[in-house]
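For reference, the structure is listed below as structure tokens.
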Amino acid sequence: MDGLNIPLNHILLVSSLLFSIGMLGLMIRRNIIFILMSLEVMLNAAALAFVAAGAHWGQPDGQIVFMLILTVAAAEVAVGLGLVLQVQKRFKTLDMDHANRMQG
Amino acid sequence: MLEIGFFYIAATVALVATVMAMTRANAIHALIYLIVSLLAVAVIFFLIGAPFAAALEIVIYAGAIMVLFVFVIMMLNLGEKGDKQERQWLQPSIWAGPAILSAVLLLELLIVISQTAGPVSVTAVSAKEVGLALFGPYVLAVEIASMLLLAGLVGSFHLGRRYLERDNLEKQGDQ
Amino acid sequence: MSETIWLIPLIPLLSSVTLMLFGSRLKVSQIGILGVASVGIAALLTLLLAVEFMQNQQVIQLSLWTWMEVAGFAPGISFYFDGLTLVMMSVITGVGFLIHLFSTEFMEKDPSYARYFAYLNMFVAAMLVLVMADNLLLLYLGWEGVGVCSYLLVGFWYQHNANGHAARKAFIVTRIGDTAMALGLLLLFTQLGTLDIQTMVGEANRTWQVGATIPTIACLLLVCGAVGKSAQLPLHTWLPDAMAGPTPVSALIHAATMVTAGVYLIARTHGLFLLAPTAMTAVAIIGITTSLMAAFTALMQTDIKRILAYSTISQIGYMFLALGVGAWSAGIFHLMTHAFFKALLFLGSGAIIHCLHHEHNIFKMGGLRTRMPVTFWSFMIGSAALAALPMTSGFFSKDQILLQAYQLPDIGPGLWMAGLLGALLTAIYSFRLVFVVFFGKANTEPDKDTGWRMAVPLSVLCLLAMIGGWFMIPVSEVFPASDGSHPAHWVEYVSISVPIVGVLIAYLIFYSGRLNIDGLVSSTLGRRLGQFWLSGWGIDWFYDRLFVKPYYGLANVLKSEPIDAIYGLIVAINQTFNHWLSVAQSGRMRWYLASMVAGLILVITVAANLSVGVL
Amino acid sequence: MNATMFSALAPILILSLTAIVLMIQASIKRDESVAWIITAVGFVLTLWGAIYARDYAQSVTILLQVDHWSLFFTSLIMIASLVTLVLSRDTFSPEGERKEEYYLLLVLSVLGAVVLIQSSHMVSLLLGMELMGVALYAMIAFPERGQLPLEGAIKYLVLSACASAMLLYGFALIYAATSELSYAGIGAKGAQAYGENPMLIMAGSAMVLAGIGFKLSVAPFHMWTPDVYEGAPTPVTGFLATVSKGAVFVALSRFYIDGALYQYNSLNTALVFLAIASMLVGNWLALRQENIKRLLAYSSIAHFGYLLVVLIALTYLDTGLVSQSITFYLAAYMVTTLAAFTVVSTVAGEDTAKQDISAFEGLFWHRPLEASALTVAMLSLAGIPLTAGFMAKFFVITVGIQSGLWGLLAALVIGSAVAIYYYLRVIFAMSKSTESTGESASHLEKLLALVLIAAILVLGSWPQPFIAYAGLL
Amino acid sequence: MVMINLIVILLVGGLLAILSERISDTMPRKVAMAVVLVDVLYLLICLSGMPDIIHLQAPVANDPSSWLMHFKADWIPAFGISIELALDGISLLMVLLTLVLGAIAISASWTDIVARKGFFEANLLWSLAGVLGVFMSLDLMLFFLFWEVMLIPMYFMIAIWGHENRGYAAMKFFIFTQASGLLMLMSILALVAVNHGATGVWTFSYFDLLNTQMAEQTAHWIMLGFFIAFVVKLPGFPFHTWLPDAHTQAPTAGSVILAGILLKTGAYGLIRFAVPLFPEAALNFSYPAMWLGAAGVVYGAVLAFGQTDFKRLIAYSSVSHMGFVLLGIYAWNELALQGAVMQMVAHGFSTAALFMIAGSLQERLHTRDMREMSGLWQQMPRMGAVAMFFIVASLGLPGLGNFVAEFLVLLGLFQVNVLITVIAASGLITGAAYSLLLMQRSFHGKVNKKWADYGLSDFGPREMSTMAVMMIALILLGVYPQPVLDVAQPVLQSLLDLTTIPTLAVAEATP
């Protein structure tokens, strides 16, 4: 199917909005699960920007990077969720504000 | 033009769903919003001529990765108590500062992005093209990505196994 | 003889070093012999030298080695010997020998006998270097050397803090003058390119006009040195305190030799002073003012040594007056006679103190005339000479000074009258001393009279004090001849009679009691004035407030190192940053994230030049 | 792909192979010591491979650039990895915890670092960084007990993922502006695009800089550093401090040089801010730090601030001296840091209480070798002559002066002056007299300490061969 | 090679000292003493081979053969850094001073070090080696290396064997000197970079850098870097505050070396590098520098007067005395420079001796507080006499070395600026005040009962002979300083020829 004449900067606008929202979520949430979700939103935003840029230039590279971002996201989430389990076990909470034993 | 309309609808859905996901107290609710957001993004991919990416977004992102989240949420059994906590935590005093930061960042990005011009390409980049590139110049990337997944696997294995083992041990101890 | 002139200072020096190194292992008698003999030999050599000099009148210049040679600055360790030097050397070695001899008995019981003679010999050596020096730098070596010896000897009985204080005061006050003098040396060398006295004077006469600024400044700086060393106003305050030392030391250093070094310095460099009339006037005025001030002060003192100390200051004031009015040889003559009679008086007081168990207050003595005849006669003769009663040695020298002062244009008569007043006071206080100590009723019983080692020096000095005025000092070649004119006879008669009047007054007040001054003394004004004079015109008090206390205060304030506070501030700043940043390192992930986002915003702002749009 | 390419890829291939062999070994019989030996052999072989590949230097596909420079750093991080491996052997709880995965993760992480070093393309940069990172998360959280490793790991994961997102978004912007993903392409297009669309490139580069700056713990992206350093097992901390940071810096310089980013003045200005902030913040934070691992964390912040000076100088100088300086600095920094962590690992181990500086008191007298090693390391970090750290600083200052970067040099001087205090504090603590007696390290670790001391001193006192070598890179 | 050997002997000697501790407890000090003596002997033997030491020729900058010794070998050719050592008159004086004072320092710490003797002696020898390097290096990098490295053993000496507040003092010492050293490093590199820019050649050689052309402003800043580094070490006002702490807290040998030798490296650096490399900038800066010197003279003296700690007082007196050196150097004429060199030597002996006395007192009384001392002469007359000697030496008694130095400085300075001379000369008065106070509070005064039955032992033969060496040295310097002056003269002459400062300065000063 052919693409459409959607202005690049509109897509980038959406992606930057997603990025900022993800960032906001990252900063305000204390529950580690939500934090990981926020990260996914941010990565997704970047992926959107890549795909859009790739489409802008008519290159496959944007989508390839997208795929790799998927991989990265998958790997990070896998390890991240593994850590979540350990956090729950050792801290008895998912509140990241409680994980502040090291400071100064 | 209808399709362009689709884009704006999809974009709006994605944004609203993301905002909802970020503000929910209940993890499962948030997750579902997030999946909606991902699906909306997949629509955008489709609209801008990246059908392959759209498919992957649905299958892997909204499918596989989000399932991982569901899985963990279920394992941890986050219930009502967690919801209450989350509501408490979402006070304006907590998000005001970060909101300002995000807004400034957004503003900056907008200024920067406003510099770009032109539409995205009119011709779609087919899955074949992607595949060719992937196993052409990017072949090493695929290999390294496999290593990356291996690392993720081994890492989560190690961490998760310990979780389960210890759980079992504790249960045994209880008996 | 002229080639071995260097032996004269060397022998006492060697003796001193020997005593320092091995003093603890020598027997008391050996120490005494070594100490006295070394000076004795020096005196003997001086005598030989004098004989030779009298015959051929030959100036000796002897250069041992070049001290240092830097960029044309090449002072030598070299000696210059002429009539003036001879006079000084004779006084130093001669009087010095007598005092050493006196000391052997005076200090016999002291545990630090060897140290005493080591210092004393060292002093003699330094003093000899001072007077024999060919250049000002070597002179300065001797100058400072005697200063240190004076310090050591004043503080000889170091166990008493007061002695230490007096010693330090002596050194530091003179050091103030010395430093000014050093600046004078710097100026002279910078201007004239040499510090050799003879060359320098010659060069100065070629370079400068009479009354030019630079020689005046140079001379005034030298005067500062002289003032310090010779205890003249305003740097005289150390001398009365310096009486804390053993009495023979006072006799040698603070009466006969060291304190007159200033006089010697000015006399030695008179060639320069002739170019600087202002400086000479200053010297005269300093001299006469000091003389009067000290005389008034001496009137009120009760401590026998302090009386003598102020009298020394006063007498040196006369010498300064002499120098200031150009009566060079009169000044030196007075220096010599003063050395005789003042040494005599000091030794006499030493004998008294020795026999009266370290009693210093004259009002606790009395009636010693019969019990200590030798001492009594010494004192009589000494006081007569001090008061310049006719035919004594002091008479001749002081008379000359006053007459020559009178002849000075403009201020001459004024100086003369002031001098007369001084002479009157001198007579009063010196005979007050004699009458109070030796007549009247006895307050303290002396142990014994003096032994021979004390008696012999006293006797010899008596003789010298009597006949010293008949000596002809061989300085005619050294100084420019005076014009030889004499003032009117009445001036001379007045000069002669004033001391006699003074003695009479003293007699009336302190011996016969006919003249009762109790009322005068006890009146408010009298008390105040008496107190004022007793305290040495409050100068010590004044200095204490003006210099000493502020300096202590300053040192105390700075003690905590204000400069370090600056570095402390730097440290504090760093610690503050450390504190802030450590607090920021809160361990909370959300906070870390926020900081990252803030950083990102900052970086984008700067990197993409967005600030330009915002601002 | 052809045969020479495979030769050029020797290090990467050997590492991958090692990973596979480890997996196979684990599936046959799980044995920790065998795994250790396999890893060690793999590392040594990789080291050989890095030397071997020198003759086949080329770009392998668009992703990797195998040249002398990257091979040199490959060798360097292999050495660092070997050290980590040695230190890892006796670390972790002695109660029979299985560590095969650890070695596997280590190999994968090193693989990521090698990819990162050789990357010439955004994709390889991303993958290398993530591979290294993902493996590291698990390594940091490897110990089965205690909250600190976990806390460190989770912080590192979240923050690092955030940084990755920034980096990616930045690359997306650059890509949108240039249509290029390879450094060289960005450099070439960037020069053209500069006139028309510089803001996108600059903002994108800024975001990349932020993402990379995070990994380098450059202020203000530094905050994770002490917590992760403290939380991670000590050998992992050492690994993080040397291999991870070194590789990322090499990648950054690659990107900066090949991407011709130095031509953007405003970007340079941003870098100047980061550098100054790092030098000051790092040193100030370390000033009164009691925990030696945190102290080293702060010190590393400052050190990467110094190193940034060299990058900034690219604007003014040609790359010869700059790349030499980077080479020397990183080598010196790695060797020094390894020495420090070797001592911390053997003396303090994983016991937080023993990581306090006060716990090092008297070390001079009962464990002189370790104390000497730490002393030399501290002096080297402080930049005292005769140590590698001094020569490194020498390079930085030379480059800075040649470029006239006075502001940066001023910050460097202030920072270094502050730094002397806390480095000396460690030395002073060790020289105190105490009565305690410590257990002694294994022979291997002692040998390691000796070798590292020698390396620091040789680099510092006779750097000529090394400079000559680095000059050829 | 001779120069390398001199350094290597000391370095190896340090190792031997450590090893010798295994043989016996007293071995290290003997080894250390032997090593230093061997070094001295070796140097003297090598010098005796030289034709005529006293009639040295002026070393010509570009002609190494005109130097007493010269050695050059590549070190880091990539940057033109070489191992270039050379010896001329001033270096020789300083080297001899270093070795002699080194031996004295070892003697000074003969008994007061109780723990880790081997390591102590090693540090001592190593710091000596570093100082020798500083005095002989002509390659700026090598100079810097020695400059910094000599501090490390010194740091250890203070930090390990120092007194109660040693940690603070050692840290302060190290930070001050290192921070200023960093400035110097910047200056060196800037100078080299300027030279590189002008000639395209990397070189750190003193000879090559001597005639570097640069803008006035540049020269000024680079010079300032050198100046601050050297003045911190000197130490000049207001960078002196590390010194009282370091000197006070250091063990006796440390104080001796610090005051006797290490301070001189600062002065040496000024004479050798700071002025000749930047003649015009130095000239422009001479007035501020001289004011700092004068301020140091007065400030040091006043502060010394206020102290109650024996060693602190001496430390401040060093500040005062080194102010004269600064004055002498920046007056930059032959008289003043000779004075500065003399002051370096004389102060080395006098202060070293005073610190040794302080150390002996500390060893016996376990306090340095003068308020607790008094009348010690009674029990320790020999020590008292020796103290008296060095106190009058330090207050500038003519006939002893310090006087010659101070007088020459003042004489040279007078030709440049009268006002500063007057201020500096006032230091003679304040100097007398604190020196005599020191004597009064410790040895003179009422005998303190506290020490009466403390069994205080007077100086023994070892101490007396050590002291005798320094006394004789000071007396010789005082009455016949010519050999020292002669040795320094050609060097100073050549330095003066390198720069045109004196004539200009004089021209400016004369109204």
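Per-chain numbering from 1; labels A, B, C, D and E assigned in written order.
The working rule: a residue touches a chain if its C-beta (ideal position, glycine included) is under 8 Å from a C-beta of that chain, and two chains touch if they have at least 3 such contacts.
None of these values were measured; they are calculated from a predicted model.
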Every chain in contact with both subunit B and subunit E is listed here as C, D
Any chain touching subunit A and subunit B at once appears in the list C, D
Sorted by contact pairs, first entry is A-B
Comparing each chain's Cα average against the average over all protein Cα atoms, the nearest is chain E
Looking at Cα centroids only, farthest away from subunit D lies chain C
By Cα centroid distance, the chain farthest from subunit A is C
Distance between the CA centroids of subunit A and subunit E (whole Å) is 65
Subunit C to subunit E, mean C-alpha position gap in Å, rounds to 37
Between the Cα centroids of subunit B and subunit C the separation in whole angstrom comes to 100
Separation of the C-alpha centres, subunit A versus subunit D, in whole Å, is 26
Each of the following residues of subunit E touches two or more other chains, namely none
Two or more other chains are touched by the subunit B residues 97-98, 101-102, 105, 108-109, 111-113, 116, 138, 141, 145, 148, 151-152, 155-159, 162, 166
By the touch definition above, subunit C meets two or more other chains at residues 582, 585, 587, 589-590, 593-594, 597-598, 600, 604, 608
Full set of chain pairs in contact is A-B, A-C, A-D, B-C, B-D, C-D, C-E, D-E
In their shared complex, subunit C is touched by residues of subunit E numbered 237-238, 240-241, 244, 299, 302-303, 305-307, 333-335, 338, 375, 377-378, 381, 385, 388, 392, 397-399, 403-404, 407-408, 410-411, 414-415, 421-422, 425-426, 428-429, 432-433, 436-437, 440, 443-447, 479-482, 485, 489
Touching subunit B in the complex, subunit A uses residues 1-14, 16-25, 27-31, 33-34, 36-38, 40-41, 44, 47-48, 51-52, 54-64, 66-68, 70-79, 81-86, 88-89, 94-95
Residue set of subunit D touching subunit E in the complex reads 365, 379, 382-386, 390, 393-394, 397-398, 401-402, 409, 413, 416-417, 420-421, 424-425, 427-428, 431, 433, 462-464, 467-468, 471
Subunit C partner, complex, touching residues on subunit B are 97-98, 101-102, 104-105, 108-109, 111-112
Interface with subunit D, subunit A side, in the complex: residues 8, 12, 15, 19, 22-23, 26, 32, 35-36, 39, 42-43, 45-47, 49-50, 52-54, 56-57, 59, 61-62, 64-65, 68-69, 72, 75-76, 79-80, 82-83, 86-87, 90-91, 96, 99-104
